[in-house]
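Next come two complexes built around subunit A: one with subunit B, the other with subunit C.
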Partner chain A sequence: MTRYIIKRLLSIIPIVLGISIIIFTLLSISPGNPATLMIGREATDEQVAVLEAQLGLDQPLLTQYVNYMTDLLRGDFGTSWQTRGPVIDEIAVRFPVTLKLSVFSTLIVIFFGVTVGIISAVKQYTKLDYVVTTSSLVIASMPDFWIGLMLMLLFALKLRWVPPYGASDWTGYILPVIVLSLGIMAMVIRVTRGTMLEVIRQDYIRTARAKGADEKRVIFKHALKNALIPIITVIGNDFGSILAGAIVVETVFSLPGMGTLIVNAVKIKNIPTAMTATLFLAILYSLVVLILDIIYAYIDPRIKAEFSRRKAR
Partner chain B sequence: MTEINREIKTGRKNSQFRAVAKRFFKNKAAIIGLIMFSFILFFVIFAPLITPYEMAIHQELTNDLQPPSSQHWFGTDDLGRDMFARVIHGARYSVTIGILVTLVAGTVGIILGAISGYYGGKIDFIIMRICDIFMSIPYMLFCITLIVSIGLGMKSMVIAMCTALSPGYARLVRASVLSLKGVEYVEASTACGCSTGRILLRHIIPNVIGPIIVKATSGMASVILGAASLSFIGLGIQQPTPEWGAMMATARDGMRTAPHLIIAPGIFILITTLSLNLMGDGLRDALDPRLKN
Partner chain C sequence: MEKEILLTIKNLTVKYKTDDGIAEAVNNISFQLHKGETLGLVGETGAGKTTTGLSILRLLPERTAEITEGEIIFKGENLLDIPKNEMSVIRGKQISMIFQDPMTSLNPVYTVGSQIEESIFLHNRDLTNPQIKEKADEMLELVGITPERRDDYPHQFSGGMKQRVVIAMALACDPELVIADEPTTALDVTIQAQVLRMMDELKRKYGTSMIMITHDFGVVAKTCDTVAVVYAGEIIEYGTVQDIFEDDKHHPYTTGLFHSLPNMNQDTERLQPIEGLMPDPMALPAGCKFHTRCPHCFDKCKTVLPQDIDFNGHMIKCHLYSKEV
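Right, the complex of A and B next:
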C-alpha cells in the first residue's frame, strides 16, 4: 500500500510542472507591461526599466520561469507586485476563507446529497422521488451566481437576516455556503440515485433479500457499499467544481478568498500572486484526487487485491 | 451497445435511428425539454423580427429603471434600454456560444481521443498526459488565465472554453475506442485493407457517437452556464453587448430597487440549460434503454 501511495504522489510532480508551465506562459504573454501597470501612466521609460530589472522582467522568459521555480522549491513563494509583500502572506489571509467555504459545502453536499439520493432511489417512482429528481435537475440548470443573487435579494436585502456582503462573522458565510453546495448537491443526488438504482437490481441484492435480511441492512450494508465508488468519484471531481465555484461565489458576495485574489491579480497582471495562488489550488485539487484514489483502494477489495498481486509478482 | 452493433452489422442503420427516436419521443420530460429549447431557438432565429437590435442598445436615460409595463415587458435598465429586447437578443449570444464551443471541443476531442485510443503507445501516452494536466487545473481558473492572456472578450472566452473542455471529450472517446478496438467487425475491416482513416471514421466513430452526443447535449448547458459566469465576473462578453451574465453584473448594484433586471435574464438562462439537460437525459435513456429501468 505504501508503494502505491508513493507512486501516486510521484505522479503529481509532472502534472504540477505542466500546470506551472502553462500558467506561467499564459500570464507572461498576456498584453500589458506589469512595470508600467505598477507605476502608473505617468511612468518614465527610465523608471520602467529600473523596475523591470528589479523584478527580473528583463530576463528571457525561460530564465524567469526557472528562477521562479527554484525560488519556489527553496520555499520562497514570490513577492506580490501589488502589495510588495510576500505572496504567502496574502494566501495565508485569503485561503482560510476559501477553505471554510469549500469544507462546509463539501460536508453539506456529502451528507444531504447522498442521503437524499438514497431515499429517492429506494422510493423510486413515488411522489417524493419525482419532487427530488425534478428539483435537482432545475437547480443544476441554474447559474450559481444567479442563485446567489436571488438568495441575497430575499434573505439579505428584503428580510435582512444575513449581511449581503463580506465575511465579518459567520453569518456572512451562510448564503455563500448554501449557494456553493446547492448546485453540486443536485449533481451528487442524481449520481447517487442512478448508481443505487443500478446496484439494487443486482443479483446479490436479490439474494440478500431472499435470505431474509431486513431492508435497512440490504440498503446500507449491501447496496450502498457497492454504490460508493462512483459516488466518491463524483464528490472528488466536485471538489474541483467547488474550487471553481468559489471564484464566482466569492465575487457575488464580495468575500476576500482565493478566488477574488486570483481574479484581481490576473486582471492587473500581478504574475507572482496569480501564479502561486493558482498553483496552490491546482496542487490542492491534485492532492484531493490522490487521497480519493487511496480511499478507493481501501474500500474496494478488488483494487486492493489487484494491487497486492502486482506487488507479489 | 451489443444491440447497436448487431443492427449496424446487418446494415439496418435506419431502424436503429428510428428506435432511438421513438424512445426519445415517448419520454415526456425529453419532449418538454424539446419544446422549451424550441421556444429559445425561436427567439434566437427571429429576435431581429420581433424587436430590432437597436432596441437592445438604444439608451433612453429619462426612462431608466422602469418596472415591467405593457410598453417594456421586462422593464428598462439603468440606461433606459428595453430589457425584453436585451434578453431575447441575449439568447443569440448564449446559444451561439453553447453550440460553437460544444462543436469545436467535441470535434477536437473526438480526433484526439480516436488517435489516442486507436494507435496507443507513445502517442496515446503523450496525448493523455497533456489531457491530465489540463484537467487538473480547475476549469474556471484555466479559463480566467487563458482569457486574460489573450485579451478579454467573446473570442477569447470561446477559445478558452474549447481548450478547457476538449480533454474531457478526448478521454470519453478514447475509452470507447479502446473498447471497440478488438471487436470482430473492426478486425474484419482491417483484414479487408481499409485505411486507418476509413476504419476510424466509418466503423469506429459511428459506434461510439451515442455517449458523445449525450455528453455534448448536457455539456452545452454547462457551456452556457460557464459563459454567463465568466461574463458575470467581467471577463467574457463585455458591455454594452446584451449578454445574460454581463447584464446581471451591471444590474447587481441596483438589485434592491430593480430586481426585474436580474430575474428576467436568469429565467432565460434557466429555461435554456434546463431544456438541454432534459433533452440530454432523454437521449441517454433512448440510446441505452437499460439505464431507464
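Right, the complex of A and C next:
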C-alpha cells in the first residue's frame, strides 16, 4: 500500500509539468503585453522596456519558463506582477474562500445526492421516484451560471434574503454553494439510483434476505457498501467539476476566491499568479483523487488485494 | 403412525411478467413434506424448480414475478398471507435456502466469517460477539473449511468452498426446512459426497426437512424420501424413492430421463436423450405439456390436460394410465 501511495505521489510530477507547460504556453502566446497592460494605456515605450526587464519578459520564453520552474522547485512560488507581493500570500488569502465553497458543496452533494439516490432506487417507479429522476435530469442539464443568475435575481435582488455578491459573512456563501452543488448533486443522485438498482438485483442481496435480514439492513449494510464504489468514483470526478465550477460561481457572485484570482491574473497576463494558483489547484485535485483511490481499497477487498503485495495463501 | 406434516403446497402457480410476454414458470404444483423427510424436485433446466423454492421463502423478484394462485402452508400457517416484513423472522431461522449459484451468492465486500456470523446474529440477538464467532467457526469446520480462513473474502475462495460457505450460512440456525437448490453442482465428486453426507447427518441429528432441487438422480437416490418430477412447471410424477426407482409404471418423461442417464441400467445399451426441447414457458402447448416430445402421444394428449392418476400414493399425470383406473 505504501509503495502504491509513493508511486501515485510521484506520478503527480509529470502531471504538474504537463499542466505548467500548457498554461505557460497559452498565457505567453495570448495577445497583449503584460507590461503595457499593467502600466495602462498611457505607458511610454521606455517605461514598458524598464518593466519588461524587471519582470524578465525580455528573456526568451524558454528561459522564462525554466526560471519560473527552478524558482518553484526551490520553494519560491513567484511574485505577483500586480501586487508585487509573493503569490503564496495571495493564495493564502483566497484559498480559504474556495475551500469553504468546495467543501460545503461536496458535503451537500454527498449527503443529499446519495440519500435521495437511495430513496429513489428503493422506491423505484413510485411518484417520488419520477419526481426525483425528472427534476435531477432537468437540473443536470441547466448550466451553472444560468442557475446562479436566476437564484441571484430571485433571492438576492427580489427577496433580498441574501447578499447578491461578496463573502462578508456566511450568508454570502448560501447561493454560491447551492449553485455549485445542484448540478453535480443531480448527477450523483442519478448515479446512486442507477447503481443501487443494479446492486439490489444481485444474488447476494437475495442471500441477505434469505438469511432473515430486514429491508433496512439489506439496503444499508449489503447493498450500499457495494454501490459506494461507483458512487465514490463519480464524486471524485465531480470534485474536479466542483473546483472548475467554483471559478464560474466565484465570478458570478464576485467571491474573492482562487477562481477570481486566476481569472483576474489571466486578464492582465499576471503569469506567476496564474501559473502558481492553477498548479496549486491541480496538485490539490490529484491528491483528492489519490485519497479516493485509497478509500476504494478499504471498501473493496478485491482492489485492496491488488494493492497489497501480500502473498495469496 | 401418522407422520407430522411440515409443509403443504397447494395449487402453486407462478408467472413472470417480462417484456416478451408472460412466462408460466410454475403451474398448479401441489405437494406435501413431512417432518424429517427430504423431497427431491427433479427436472430439466427451466422446469421451474428454483421458482418453486423461491416462492416458499417469498424471495421471487418483486416486480416481475407473481404468485397468481395457491397456498404455502408451513406449520399450519399460510406463508403467502403473512406481512412481507414478518418473513424475515422465518427466513434463515425456520426455513433457509442454499442457492444454486455459489459464485454470486456471497457478498463480495464482507469476509466469509462475518457473513456466517450475520446469519447467526440475526436470529440469536442474545448471544455475545465471542459466542457468535465461536458458533461461526463451528459452522466453518462443519463444512470442512478451517476457521483460520474466516477473515478471507469470497474472491479468495474457490467455487466449491463458496458453496460450502453458503451451506454453512443456511444451516447456521438449525432451520426446520432447508431448500437446497442444486447444492452440489459446483462441487467435484469427492466433495459432493462429503457435502451430501454432511447434510444427511444434520438431517438425522436435528430432524431437518429438506427440499432437494437437483437434476441428478444419483443425488436423489442418496438423499430423498419422496420425489417430484417437474416438467414445464408441473409435477408430472410423484412418489417415494422406491416408486420412482423400482416401480415399472412411469410417466414417459421420467422414463426418458432415466434412459438419458449413463450407467443407470445395465440393459440400456446406449444413452437416449429425450428428443426435442422443453416448451417455452411463454407459449405452453395445450393438453399434456409433454406431448410434443412424447413417444406415446395420442390425440387426447394434445387437447386434454391429464389428471393425476394415483397408484397408492405414486401419482402419474398421464393419459396412458387413465384407462387402467
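Convention: the second predicted complex is superposed on the first by the 308 of 313 C-alpha atoms of A that agree within 3 Å, B and C clash if a C-alpha of one lies under 4 Å from a C-alpha of the other, contacts with A are read in each partner's own complex, and residues count from 1 in each chain.
Note that in this section a contact is a pair of C-beta atoms (placed from the backbone, for glycine too) under 8 Å apart; a residue touches a chain by one contact, two chains touch by 3 or more.
Everything quoted here is computed from the prediction, not taken from an experiment.
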Fit or clash between subunit C and subunit B when superposed on subunit A
fit
Of the partners subunit B and subunit C, which touch A:19 in the superposed model: first, second, both, neither?
first
Using the superposed model, determine the angle subunit B, subunit A, subunit C defined by their C-alpha centres, to the nearest 10 degrees.
80
Output check: A:114 vs subunit B and subunit C. Expected answer is one of first, second, both, neither. What do you get?
neither
Looking at the overlay, does A:177 come into contact with subunit B only (first), subunit C only (second), both, or neither?
neither
Subunit B versus subunit C as contact partner of A:141, first or second or both or neither:
first
Contact-wise, after the overlay, does A:202 reach subunit B, subunit C, both or neither (first, second, both, neither)?
second
First (subunit B), second (subunit C), both or neither touched by A:274
first
Between subunit B and subunit C, more extensive residue contact with subunit A:
B
Mind working out whether A:30 is in touch with subunit B, subunit C, both or neither, as first, second, both or neither?
first
Classify the contacts of A:262 with the two partner chains as first (subunit B alone), second (subunit C alone), both, or neither.
first
Of all C-alpha distances between subunit B and subunit C after superposition, which is the least, in Å?
10
Which residues of subunit A are in contact with subunit B in one complex and with subunit C in the other?
201
Subunit A residues touching subunit B - in the complex, by the definition given at the top
14-15, 18-19, 22-23, 26-27, 29-31, 124, 137-138, 140-146, 149-150, 152-153, 157, 194, 197-198, 201, 240-241, 243-245, 247-248, 251, 262-263, 266-267, 269, 274, 278, 281-282, 285-286, 289
Subunit A residues within the subunit C interface of the complex:
125, 201-204, 206-215, 222, 225-226, 299-302, 305, 312-313
Residues of subunit C that touch subunit A when the two form their complex
57, 59, 61, 63, 85, 88-93, 96-97, 99, 101, 104-111, 118-119, 122-123, 149, 152-153, 155-156, 166, 169-170
Mind listing the subunit B positions that touch subunit A in their complex?
129-130, 132-134, 136-141, 144-146, 148-151, 221, 225, 228-229, 232-233, 235, 245, 248, 252, 255-256, 259, 262-263, 266, 269-270, 273-274, 277-278, 281, 291, 293
